[in-house]
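In the two assemblies presented below, chain A is common to both, partnered first by chain B and then by chain C.
What follows is the complex of A and B.
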């Protein structure tokens, strides 16, 4: 059985298109490394190996969270754009505008944190931005919030452009989700996985971004006119709806790389025109929208039906991953003539990371468990699981494939070592969060009790391993970047 | 108790998924024809899907019967034996009383005077025994019965600014009233 050649350039992706995608991935890679270092600094500080003042700890926390959510979105968008562009006429100008707005927003966010002292976390939970007790000034909070708003506008433009292009080609969002094939006779002609996934993401993220923008604007007004107040429960619902949808959308965008690239490495097709695949994506569209109350399980005043729904939908949300995407990856991989390299290894790792990461997520969404685990380190434990070992692994795998396919990057002896360091370091790192959660360690605490400190120190070691491996991946990407951008495919 | 269940259930689930990925990943160098593999594994998926649905349904039935919300919504079958008010402030807890007998149900009426806080009760092993959010303009009622006498501690479990991690309050639980 001959080995497939996964390094065939994609037709329809010229230098211009490649340029914008590489710019997205390069920005994501560079910021990722910086934000990882901030994460390590926090864990070292909690482990009493660094002596950072609490105001700086919370500033670092705010920057780390905002930066990571931002680049997860940007990397996901880069992957989505690359594959979706092969099916619909996306606008290059809009893609560049999104990146420009992203960078403008980043400058405002860094200004708000570094100069304005803003440390209200990336979730800006109303009414905290307006109640800093002297920790930051109004201008700092406003700079942060306007930065978020600008980044949100950029993503909204991108998703609207996806909607325009998809509707122009397929006629409606329903057709792009494969509804004729899902609900009628399956003629095997449903749109490609990239189209289905992008459509799902544009639907949920448009709703999420508009909700996020609404509460950001309300928070901004409240900053300068304190008499203008928002119902705190409504604010919480809007923020967690936005936050949940946006961070979930990152993985639904990035997973397109797994659907498209893994089959090239195994030489086996992964068709999207089947009812299980299409049904999973349509169900996920609805579930991502309605599952967010699981962030409010300790807000007892929330309508009870929403909280019960939060638990049940959290369980059902796992089904498309465990029975379709991760399962599909397993089927595609089982006894396949796969060509292992850095990219294929990271993509397989990402399917594992996503599937495994939802286990502690579902556990925490169980109300009786949430009552003793909510806002402990269990929470960053589960989301680092499927972000670090899921979304980011997808992005790093895609980046490795890009510079190999277009930049002629060669395999290196470091690849295998750095992959295993990343995988083992990543599992160890999230494991320490989860153990911290079991032990009751609160999340977002500048100082830890002595009993919690050993786990912080182990986490620091694992974080350092992850950073070392990521540095190898990112440096290798930048080394091949210029050639990948300039070469004629 | 739930912490240990959560940990062990997660460990088991993650280990199973890791084992499947490792097994399949390691055997990927030993290629076989895709047709029969696809047919066999997609047939197994039907059972896998049914198993997951059954597991989720069973867990839902087991865990949704006794939720902590009814008192907040005025639907409790009976009032708690002790009711006390709790208000979160940046960065301290204001509590009507801080001593309670073990074995007596307490209803903590929790609110906030400024931003969101998290009212979490830790036992002397530093484990959370119960929690609810302290929100401005709203009151969440947390019912809890302390099982053991001892010194408990309230920590804030919702980030609220500079001294969030210092926002603690001791609670003393005495031997049961007889």
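What follows is the complex of A and C.
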């Protein structure tokens, strides 16, 4: 069989469209590396290989968490934009505005953390920002919160623009999700996978961002007027609804790269106009929204039916899309004449990382397990699994594909080595989190007991490997960036 | 009657009706009635007046209302001022304030909104709707949690009632747009972009 050439430019993408996508990916790549180094610093500190003042640990933790969640969103948005733009008339100005607001927000967030001392984590759980017990000043917390708000406005703009463009072309969100084909006779003309996924994401993220904006503004008012109190349970519900939805949406955006690029390596199409695929995306749209109470399993005052729902839906929430993606990937790959290179390997790794990472997540979403594992390192274990080996692998794969398609980057001898270093280092790194959690190590602790320290040290080693590999990917991306941005193609 | 004259009559009529003592008494009896009901209806009256001005055109006002931005800002500041508890309170005590309110809200909020809303880019309108939802929720929360009575004329229970009114409106807007986004835009197009086309 003849080998397909996966590096064909997309005709629907002009130079200016490519430019904004590359800017998203470049920002994400650069920040990713920096944040990884901060992560390593935390691991080294916990392993007592590095002495950091505890207040700085929490600042670094806050910056790492916020920064990573932010760039996961940004990278996902870049991927989504690239593919969705080929079907609907997205606005370039809005895409740039989102990036500008993102950077403005980042500056405020860094100011709040570095100068204001804010160290209340990216979840800004009420009433923590207003009760720092001398660790940070009100201005620092406010700067952080305003930064979040600005970034949220940017993403809201982007998703509203997607909604506008999608509705203009397909008439309604229901049709963009392929409901006529799902619930009626399937004429095989459902919208493309990129449209379905973007529609799902815009629905859940708009709701999430609207809730997030409400609680951020309430927290800001409470900072300066403590007499205005928020019901803490309500605050926690709003925050985790927003946080859960936003971080989940990053995967649902990034996975579009798998749907669109993997088939170009295998030469087989990715069938998306079928009831299983469309049904999975519709089911996940609903479930991503109602599953968030799994973050509140410890809150006995939360209505019990919500907790039960949180547990049950946790088993099923990620599953539909995950199943069609993993199954689709296997079908696509099975005995296909695939061309293995950096991009295709990262994309396949990402499907695996996502699938495997969901398993410890579901374990923890079981109430009896959560009573033990809640707030142990098990939690960062599962989310680093599907973020590092899922979302970020998708983003890195897409970036490698971009600079090769448009920037003329060639395969290099380092590719294979760095891919394996990333995969092995990544699995080892999350493995140490999971083992630490099993041993009962609490998460978000600057100081660890001596029994936990060996895992911290192994984790540091693995993290260093991940960083080395990521540095290779990111440097290679930047090396091809100029040409990729300027070429006519 | 020409359509323009119809709008004018409707606007002036509504405005006049709202100014009648019984209507004022009913609406101003409660905080939600005053802040949401009366102010909302005064905005609507101003909007109808704006319709009588004829179709919204890009060049109108000598380019001073490009994209409707000027009108929107004027309207927002006017409303922000008149929904303050202090303004509502004073209007009840001082006839001059009451008159000012009856002039300002239709003429500086309703009318400019009518001439500007349809000129705003679609995305700006969407963003305003999307921001209105959390901000109504937050405003409701402020009234609900306020540790003190904010008005002389209205008791604490009125603040709670207002909170629920605002939350109800936020919920209604959310439901409306969700349903509309899923059903498509064709059926409701006319009512939404009132004033968009001649």
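Convention: the second predicted complex is superposed on the first by the 486 of 489 C-alpha atoms of A that agree within 3 Å, B and C clash if a C-alpha of one lies under 4 Å from a C-alpha of the other, contacts with A are read in each partner's own complex, and residues count from 1 in each chain.
FYI, contacts are C-beta pairs under 8 Å (C-beta built on N, C-alpha and C of every residue); 3 or more make two chains touch, one makes a residue touch a chain.
Here the structure is a predicted model, which means the values were calculated and not measured.
Asker: Taking chain A as the common reference, can chain B and chain C both be placed on it without clashing, or not? Answer clash or fit.
Answerer: fit
Asker: After superposition on the shared chain, which partner residues are touched by A:256: those of chain B (first), chain C (second), both, or neither?
Answerer: The answer is neither, since A:256 touches no partner chain.
Asker: Of the two partner chains, chain B (first) and chain C (second), which one does A:342 touch, if any: first, second, both, or neither?
Answerer: neither
Asker: Check the residue A:373 against both partner chains and state whether it touches chain B (first), chain C (second), both, or neither.
Answerer: A:373 contacts chain B only, not chain C.
Asker: Identify the partner contact of A:439: answer first if only chain B is touched, second if only chain C is, both if each is, neither if none is.
Answerer: In the superposition, A:439 contacts chain B only.
Asker: Put down the vertex angle at chain A formed with chain B and chain C, C-alpha centres only, nearest 10°.
Answerer: If I round to tens, I get 100 degrees.
Asker: For A:77, decide between first (touching chain B), second (touching chain C), both and neither.
Answerer: A:77: touches no partner chain.
Asker: When both complexes are superposed, which of chain B and chain C contacts more residues belonging to chain A?
Answerer: Of chain B and chain C, the partner in contact with more residues of chain A is B.
Asker: Using the superposition on chain A described above, determine whether A:236 touches chain B (first), chain C (second), both, or neither.
Answerer: First partner only.
Asker: Could you look at A:161 and tell me whether it touches chain B, chain C, both or neither (first, second, both, neither)?
Answerer: A:161 sits against chain C, while chain B stays out of touch.
Asker: For A:402, using the defined touch cut-off, is the partner it touches chain B, chain C, both, or neither? Pick first, second, both or neither.
Answerer: The answer is neither, since A:402 touches no partner chain.
Asker: Considering the aligned complexes, could you tell me the closest Cα pair distance between chain B and chain C in angstrom?
Answerer: Scanning every C-alpha pair, the shortest chain B to chain C distance is 14 Å.
Asker: Which residues of chain A are in contact with chain B in one complex and with chain C in the other?
Answerer: No residue of chain A touches both chain B and chain C.
Asker: Mind pulling up the chain A residues that touch chain B in the complex?
Answerer: 1, 54-55, 58, 119-121, 125, 127-128, 131-135, 231-233, 236, 266, 268, 276, 298-301, 304, 307-308, 311-312, 315-316, 318-319, 322-323, 326-327, 330-331, 333-338, 340, 348, 351-352, 355-356, 359-360, 363-364, 366-369, 371-376, 378, 434-435, 437-440, 442-447, 449, 451-452
Asker: Given the complex with chain C, which residues does chain A contribute to the contact?
Answerer: Chain A reaches chain C through residues 91, 94, 153, 156-157, 160-161, 163-164, 167, 171-175, 206, 210-211, 213-214, 217-218, 221, 227-230.
Asker: Any idea which chain C residues touch chain A in the complex?
Answerer: Touching chain A: residues 122-123, 126-127, 130-131, 133-135, 137-138, 141-142, 145-147, 174, 181-186 of chain C.
Asker: In their complex, what parts of chain B are in touch with chain A?
Answerer: Touching chain A: residues 2-7, 9-10, 13-14, 17-18, 20-21, 24-25, 27-32, 34, 37-38, 41-42, 45, 48-49, 52-53, 56, 59-60, 63-64, 66-69, 72-73, 90-91, 114-116, 118, 120, 122, 126-133, 135-142, 155-166 of chain B.
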